[in-house]
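Same chain, two partners: chain A is paired with chain B first, then with chain C.
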Partner chain A sequence: MRLYALLAWTWIRSAARYPLSMALLTVGVALVGALDLAGILLLFAHAPRIAGFTAAEVVFLYGSSATSFAISDVLLGTSERLGRHIREGTLDTMLVRPVSPLVQIATEDFSPRRLGRLVPAVTALALALPRLETAWTPGRAAMVVVMVAAGAAIFSGLWVLTSALQFVLIDGHAATKAVTHGGSFLTQYPMTMFGRDLVRGVTFVVPLAFVNWQPALYVLDRPDPLGLPGALRFASPAVAVAVCAAAGVAWRAGLRRYRSTGS
Partner chain B sequence: MIEVVDAVKTFTVRRRAGLLRRARTTVRAVDGVSFQVARGEFVGYLGPNGAGKSTTIKMLTGILTPSSGTVRVCGMDPARQRTALARRIGVVFGQRTTLWWDLPLRDSLALVRRLYRVPAGAHRERLAELTGLLELEPFLDTPVRQLSLGQRMRGDLAAALLHAPDLLVLDEPTIGLDVVSKATVRGFLERLNSERGTTILLTTHDLGDIERLCRRVLVIDHGRLAYDGSLERLRATVDAGRMLVVDLERPGPPVEVPGVAVERVDGPRQWLRLPRSVNAAAVVAALAARYAIADITLREADIEDVLARLYRGDHSYEGDPLAR
Partner chain C sequence: MAWYGFRRHSAYPLSALAEATANVAFGFIRAFVLIALWNARPSLGGYDATDAVTFCFLTQALIGPVQIFGGLELTRRIRDGDVAVDLHRPVDLQGWWLADDLARAAATLLLRGGPPLVAGALAFPLRLPGPGALAAFGVALLLAVLVSFGLRYLVALAVFWVHDDRGLSSAALVMGMFFSGMIVPLVAFPGWLGEAARALPWAALIQVPADVFLGKRTGADLLAALGFQAAWAVALLGAGRAVTAAVRRRLVIHGG
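So, the complex of A and B:
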């Protein structure tokens, strides 16, 4: 953790050598995120309810998952570069330093512009929360925090898990993106918009539904359209732990079978 | 310091064989290598491309896990205790830097201190010492990306040595360097080994490095250790002899000199192999007495020729570097 901060700070200083490009990129990233949000709001100007959810509820779903994803992306988004480091042999130089290569890759090119991704997500969440027609209890309020934190942990675990796959599939970074960015897209909309089987699959195969769908059902006090047991709504932290543990195991296994490149 | 017993590293290579079938072949990159390196030694690790040099280095530094056999460095199992071992050894890859591209060298070195948890006082002392020995002062504040290859290599050496490692592993440290930079790096390594007693293991294609620095040589070929011993004994073991190249005034049949074999004739030029026991001056005198000679050159086998003969494992003159 200390080393993560140290390396991130080093990269920020490194990026600060090109201040204009850093500022422009930060603004750019925030703009793209804001457009995303505007798209959702526009949709609601025409259809006040999507799949039985109000505009505020959808923005809440979007905001909470986007915040989780942005946190994980800020922390570990560059881990999908592992494949490139393997191909170029630069992973070798990381492995001879007394720091986890995961920390070294994750902090690579760390710059304040990464934080730009948090802005639209947090804004959406902040806009949606006061507009929800839900009876707030301490439990529900706490659940919002838990779901964002557990969601961030699940996404982080997925980053690492899928990056670890690149030890096997050297050109797997497209696969990584499909699971993480694709997953982030899925959770930004109410699950009922998608087919029933797809949702089943996503709930059990890639535990993305726990990022915000199940806990959100609790916060919004709604019955599960699939009729799954109510206990699942509190399972997010357990799923997060499981995903992170699996990620840890996969990463270690990947490092063990790492083959390096010639030279 | 280093103990390798029967280390094997195999890679599975998948190849397309037909439309859907994939053929799997197992390549034994390192095939049962054993050796020991004691504290304070300076060892050169040689071999042609693809012989298993880098694979061995990567097993020693914990980058690769051996398929079988045991590897111990500083009393540790590199693959299992990679991070702990990283604090005890210094590693330099000639082909790629471990420094941070956009940071000035000084900041990179300061970061290395934090990563290796070197106390500030000890760091200051070592940095001053290394700055002097490697002549880093003029470019300490230059971003790494603007450094020349020779400057970068010296920076990399400093970064690898700031935590005072017991063992320094160098993978082709002089590759691509100009003569002056090479001399600085070699002189530095020599002092590091003799004055500080740092154990050094070095792979190289530059045989000048070996002749100047290494008292002991390991030669690996096809994943197996082909030679382990002193450089002098290597020369004696593989007696490449000397080659006398004679240019006659006119093309003619092979010359006849007692005790010497003509290995090759090409027009007026003839190649004669001289074993160590034959006196070259006597041969030249005998030749001059009997033939009209335009020119004569004598080529001494250098370490490159010796290795070429060792790698090939035969003594035919076809493709013999001395007969070029």
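So, the complex of A and C:
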């Protein structure tokens, strides 16, 4: 942890050498993140409810998913570069340094610009929460905090898990984007939109439904369209721990299996 | 040049397949979102649900060829100074990169165009064009690649002045994603926003080819659509030509 902070700080100082560029990039990243929100608002310009959900509820889903994703992206997003490091042989350099290669990759190019993603996400969350027609209880309010934290942990686990896959796939980075970036996009919308098989898949295979959907059902007091037991709504923290544990095992296994490019 | 470009850009089919996988996944998610919208508002913007789903998978198939997410390799070469080598070549800078980009588009279309459409057609009923519409779509797609190249070439050359391209590139990315119809089809943009979006060059990248593919533009309307694309292509490539001339003078000022 201390080393992570130190390396991150080093990269921030390097990025801050070009303040204008850094500011522009932060704005750019924020705008790219805001595009998904703009898309949602465009949809709701045509209909007050889509798939049974109101604009405020979907913006709430967007806000919670995007906040979780932005946090995990800041912390571990660059781990998706592993495939390139393997191909170019630069992973070998990391292995001889006395710091975990995961920490080195995750802090690589660490820059405040990646925080730009948080801006539209947190704004959407702050605007949506007071507009939700839900009977607020301390439990529901606490659940909002828990779901963002658990969601960030699940996405973090998925970042590491998918990059560990690159020890095997090498060139498959684009395909694993379907899980990370695709997962972030999927969880911005209510699962009532998607086919039942897809929802089962993201509940039991890749546990994206626990990023925000299951806890949101509790916050919004909605029935589960698949009729799953109510206890699952509180399962997000446990799922987060499980995903992170699996990611840890996969990463270690991948690293043990790794042989250099040999050139 | 185009042949070498084609061979270079099709050299890593597995990597392209990985990209196509991501395109397929996003295609499914977006298709369900659009179906939900068209369930709430059938026949929105003159599309029905089948049109919307076809549009969605077609969009994912076109991301690669019209290069919504990327710029030109030229951008890096200008920043590194390698462009000096390009300028020494006894061929026109714009023509050289256009040849490379057309080859890239053809290679990407072959490798990445199919999977999203096939996967979409297996899961949903899609509206596939007849031979006439398909031929028109081929022309529209070629024009779309020309417009796309025109835009990206201008962004690349701007690096001669701004030195760090990343801010500009991300602005271009935002405009491209939003105004091409990739996020939400332009037919679903309300009021003046829709009017403006359909007149901007990004509409020529995805919305117009998709309309042609879906058979929404026929007869004189088809010619108007292709004319719209061609006009933007000529304007952007002409602007690129003028800027190329300016760049040649500027580089001399820098001392080469």
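We adopt the following convention: the second predicted complex is superposed on the first by the 262 of 263 C-alpha atoms of A that agree within 3 Å, B and C clash if a C-alpha of one lies under 4 Å from a C-alpha of the other, contacts with A are read in each partner's own complex, and residues count from 1 in each chain.
Criterion: a residue touches a chain if its C-beta (ideal position, glycine included) is under 8 Å from a C-beta of that chain, and two chains touch if they have at least 3 such contacts.
Small disclaimer: the values here were computed from a predicted structure and weren't measured.
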Consider chain A as the common anchor and indicate whether chain B and chain C clash or fit when overlaid. fit
First (chain B), second (chain C), both or neither touched by A:M1: neither
Touched partner set for A:V145, first chain B, second chain C, both or neither: neither
Between chain B (first) and chain C (second), which does A:L35 come into contact with in this model arrangement: first, second, both, or neither? second
Using the touch criterion from the header, give the chain among chain B and chain C with more contacted residues in chain A. C
Going by the contact rule set out at the top, does A:H46 touch chain B (first), chain C (second), both, or neither? second
Going by the contact rule set out at the top, does A:R256 touch chain B (first), chain C (second), both, or neither? first
Have a look at where A:L24 lands relative to chain B and chain C in the superposition and call it first, second, both or neither. second
Classify the contacts of A:A231 with the two partner chains as first (chain B alone), second (chain C alone), both, or neither. neither
Superposed, chain B and chain C have a smallest C-alpha gap in Å of 13
Which of the residues in chain B end up touching chain A in this complex? 11, 50, 54-55, 58, 61-65, 79, 82-84, 86-87, 89, 91, 93, 95-98, 100-103, 107, 111, 114-116, 143
Going by the contact rule at the top, pick out the chain C residues touching chain A in the complex. 12, 14-15, 17-19, 21-22, 24-26, 28-29, 32-33, 35-37, 39-41, 44, 164, 166-167, 170-171, 173-174, 177-178, 183-184, 188-190
Considering the complex alone, what residue numbers of chain A touch chain B? 3, 6-7, 10, 13-15, 17, 89-90, 92-93, 95-100, 256-260, 262-263
Report the residues of chain A in contact with chain C in the complex, numbered from low to high. 18, 21, 24-25, 27-29, 31-32, 35-36, 38-39, 42-43, 45-47, 49-51, 169, 171-175, 177-178, 181-182, 185-186, 189, 192-195, 198
